[in-house]
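In the two complexes that follow, chain A is the common piece, with chain B as its partner first and chain C second.
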Partner chain A sequence: MSGTKPWLDTRLPALESFRAFFAAPVLPRERPYLATLPVLITGALIFQVLSGLVLSLFYNPADAYNSIQFIDRNINYGWLIHAFHETGTTMIFGAVFFSLFRALWLRSYKTPGEVLWFFSVAQFGLLLLVGYLGYVLADGTVSYWSLASTVSGAFGLSGFPGAIGVWFFGGADGAGTLARLVVFHAVLALAVFGILFLEYLARRGAEPKVTHGVGLHPYYTSQYFAAFVVFALIFAVLVFFAPHLGENPLNRGPADPLVLPVAVAPPWFLLPVGNVGHVFPGVWGTIFAVLARLAVLVALPWLDRSAPGKPAGFLHKLLLLVLALDVILLTVWAMQPPSLIGEVVAVLLTAYFFFHFLVLLPFFSALEAR
Partner chain B sequence: MAETLGQSMAHGAAEASRRDFLKILNVAAGAVAVGAIAWPFIDALSPSRQAMSVVRPIVDVSGIAANTALRFVWLGTPIYIRKLTDKQIADNQFVVPDSLPDPASYTDRVKPGYETFVVVIGLNTGTPCELVGNDPADPRGPFDGWSCPCDGSVYDPLGRVRGGPAPKNLAIPRFTFLNDAQIQFG
Partner chain C sequence: MRRLLIAALALAVLAAPHARAEDTLNPPRWQSEGVFGSYDIAALQRGFLVYQTVCAACHSASALHYRDLDGIGFSTEQIAALASGVKLASGPATLDDIFKNPYPDTTAAAAAFSGAIPPDLSTIVAARPGGTKYVYRLLTGYAAAPADMTLLPGHYYNTAFPGQQIAMPPPLKDGQVQYADGVTASAAQEASDVAAFLTWASDPNLDASKEIGLRAVLFLVFLSFVAIATKRKIWRESV
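Up next is the complex of A and B:
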């Protein structure tokens, strides 16, 4: 091949730069397996778009619940595609929660990783919105009521936020609202790819420059492949043995506008953020609770007083484990039927979440930095 | 020295062929896996059986009495399935095709093996109008087939035009006999 380029390369010059990109020795020699998480999330999202595409062909907002029954029972492999879509959500949120925790653990939000961290939080927030929209599209017993209270809350707001609510939901909760939410669900899910790309660009800036590195192929493609196999194995086990993992079983019934379900818990991935909602009273309380949770995450690079590049100390790691326990407990608690003790515990766990970020973290990171 | 070199070359060749084998094995297994994942997605895009039964309906013809026709609407088009009598077959079997306005023989109009059934689209080929003559009591015209209430065209029991302004024989829809009793359209 000396002197002459391959046949296709001369006719498609982009191919050559593509190949150079794969071989460019810019990557560090050793990267942990967990660093493959963003790529796995991207792959799971692509799979999610494919299964969502098939579901959208048969989904009917005017008769949402029955059209999903039709997909499950009458479409060839409809049950499987539906399970792919549900389990894909679980896998994506599992990976997102895990990579957020990993960023907290490694302190990768510190300089020069702030922008990367903002994109991670933005991606998380957008995925929560997409996940919520997908949940209400099911039009089951529970999600119907969730949408009904959200819409009535949005319509009760005045001024600019109310206008946004009216514009977004476009009327009372019904077929018309579901018809537009199915479009928002798809479009916002595609927008996540944009954030993933921005994250990729920011990661280039956040990583130290490598002088004698290795190329993407074959060093990291084989690593990605091994990580993908493990990810796909977990996915397959969940699809075939627990396709409804973390869902409220009551939501499998058709919506009834006259009967309020006894347990109103949303799917598991909304609980860590959504459940703080009823700790604060009123519509504004719910909105405040969700936004405040994301806001403390955004403020994290400044709440952490430690010097950039310094490895996390013992106290930092211990506090993080307690925080993880707090979030897990809050999630598990929210799945229980409502009770007075449950309310008190939810308030305490929520208070601890903010206490960690606003008091413990600045204090102890400053202490450790000295 | 020469021996060692020969040994290591043989070893290298064995290594290479083993690697090739693993490569082929992996690519083949990967192709099967991708196909197995892609299959449900592609298959799910095909219409449900319910939708297909509208597009390709199966009609029971065992209940049709001789000298009558079953009217059946397929995707908005009236289909007539007529069971011929022996006399109607005898009358039309040996008509010279070239003597007709739109030449067609008896065998052109029926399916081999099921020669007693005539399946046509029941719309006049002149003025678009639904034909009458499914019931023996209907006005069937001089050839005991169908007649058009709009422009007076007449057809024989095989659906061939015999008189009137209509230029062509009745169209034959796409269908197959599944067995003696069932016709599948489409």
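Up next is the complex of A and C:
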């Protein structure tokens, strides 16, 4: 028998099952291009880890801003690697926001997709944390003050949360804190891969059994390749022609412990969730705001009263588009200079976000289900 | 028709530099602006002259080395000659020295300007909303203060500066430098040129980025057509 098998297969049996996995006709037909998003996010994260690895070789937490200037100006193609890392963040968050919206649109969080949905929200939360840490590592005019207020907020907490703050940040914000945050930035980014793997397992669980399917290769490999090239094209356009998209320009100057910047907006990907922080007062208010925003997402499978497997109706889609508009407006608004009207609008937009999930969605989905 | 279009395009490309040479000040324009912008080497060199003669007297640019000036088209000999004219505490500057900081520390700098420290100019264009244009408007924005406004001691009225009071005295005036290329050194021209130079100082890799970017984007556009066509062909054959 072994004579009929290829030479390597008899010596490395795993190869055969790997090949079977690649070509077995188990995948459903007509999966849309957008279903490639999780794979694209994984690929972008791998690329992000590689560019981050190069940056970490030259990054110096004791002189963070100047070491980044050194990378941009004195390392061969350092500016390009730095731009890859910066724009890679935008690409990842763009894809993550889009796939969260897609899950809402398709109601894929309903049975049997709940666990997959929890992992998606967890991944989103973890990426926000990693993104925030990366933003802080830039040690610019704005992120310096953001870190300073975060650390002083964390140190102001009492009991166990305060102990976590001390353990995480080490001490008053400074070179020592940045040195820790480099480590957390990298380790937590690697932890995202763990969640991505769990997501993959959950996705396989949520998929219906296929009777007359197609193989991964060549059908879906060709689709992945096309999706990847278009993704790379968007990435290239942004890297080379809009390298600082959605960033606060003030943050490209050095940190100054004596001068507060006039506009404190973080990069765009933190705004949809982070901007809510201003609405509730105090440190606990900010923590509550961010956690509440993620909590309504986690509770979504139960807030949506519709029957599982039922395609979304017109009303559901309309409400979702309004919600998307609400989040986009909140993001754009937060980039404007602070004003009284801006504060009022931010409160209203935030209130609508919770109103959508806690009132509109349960009510109308129950109405639709009847 | 197509030939006419190509001719018109060629004419537009040929005419463009002339149009730019005519008047870049009204309204102020820079070649580096826009998606396909690149640096105007002549403007950068004029801007460096203004920078070295005027700005460098008070401002540092600690991210820049003298050797970096090859990026604005100076030869190594020119840069070496230029650097040797700069007196550092350790002697004449060399190619690998960073731009001279005119003040030994921030306290000395603050003392000279009623408490305001002249900011480092390495990333000033990147770090200000409006970038190049902001620098230009600031340098040309000095005016007499309105009658109902009392300025802080040692401050000047400036329309572009946030709060309209700036501690920097008006730095530029007509004929402050002599341009080697014969361009008239009006205060506005000097401001425009030094804004161009500081844009380069903030982002010296702009030209390289646009050049690589154009190739990468063209390649990926081509590849996406191929990839999508391949995918469609494979799927057509499956059913």
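Simple rule for what comes next: the second predicted complex is superposed on the first by the 367 of 370 C-alpha atoms of A that agree within 3 Å, B and C clash if a C-alpha of one lies under 4 Å from a C-alpha of the other, contacts with A are read in each partner's own complex, and residues count from 1 in each chain.
Note that contacts are C-beta pairs under 8 Å (C-beta built on N, C-alpha and C of every residue); 3 or more make two chains touch, one makes a residue touch a chain.
Note that the structure is predicted; figures quoted are calculated from it, not measured.
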item: Overlay on chain A: chain C relative to chain B, clash or fit; value: fit
item: Touched partner set for A:Thr89, first chain B, second chain C, both or neither; value: neither
item: Touched partner set for A:Ser108, first chain B, second chain C, both or neither; value: neither
item: Contacts of A:Thr150 with chain B and chain C, given as first, second, both or neither; value: neither
item: Which of chain B and chain C A:Leu80 touches, first, second, both or neither; value: both
item: Contacts of A:Thr331 with chain B and chain C, given as first, second, both or neither; value: neither
item: First, second, both or neither for A:Gln48, with chain B first and chain C second; value: neither
item: Touched chain A residues, chain B compared with chain C; value: C
item: Touched partner set for A:Thr350, first chain B, second chain C, both or neither; value: neither
item: CA minimum distance (chain B, chain C), superposed complexes, angstrom; value: 8
item: Chain B and chain C contact sites that coincide on chain A, given as residue numbers; value: 70, 80
item: Residues on chain A engaged by chain C in the complex (per definition of touch); value: 29, 66, 69-70, 72-73, 79-80, 83, 140-141, 214, 218-219, 222-223, 225-226, 228-230, 232-233, 236-237, 239-241, 243-244, 249-254, 262-263
item: In the complex, chain C residues that touch chain A; value: 35, 62-64, 68, 119-120, 122-124, 126-129, 131, 162, 202, 204-205, 208-210, 212-214, 216-217, 220-221, 223-224, 227-228, 230-231, 234-235, 238
item: List of chain A residues in touch with chain B within their complex; value: 50-51, 54, 57, 70, 74-78, 80-81
item: Chain B residues touching chain A - in the complex, by the definition given at the top; value: 39-41, 43-46, 48-50
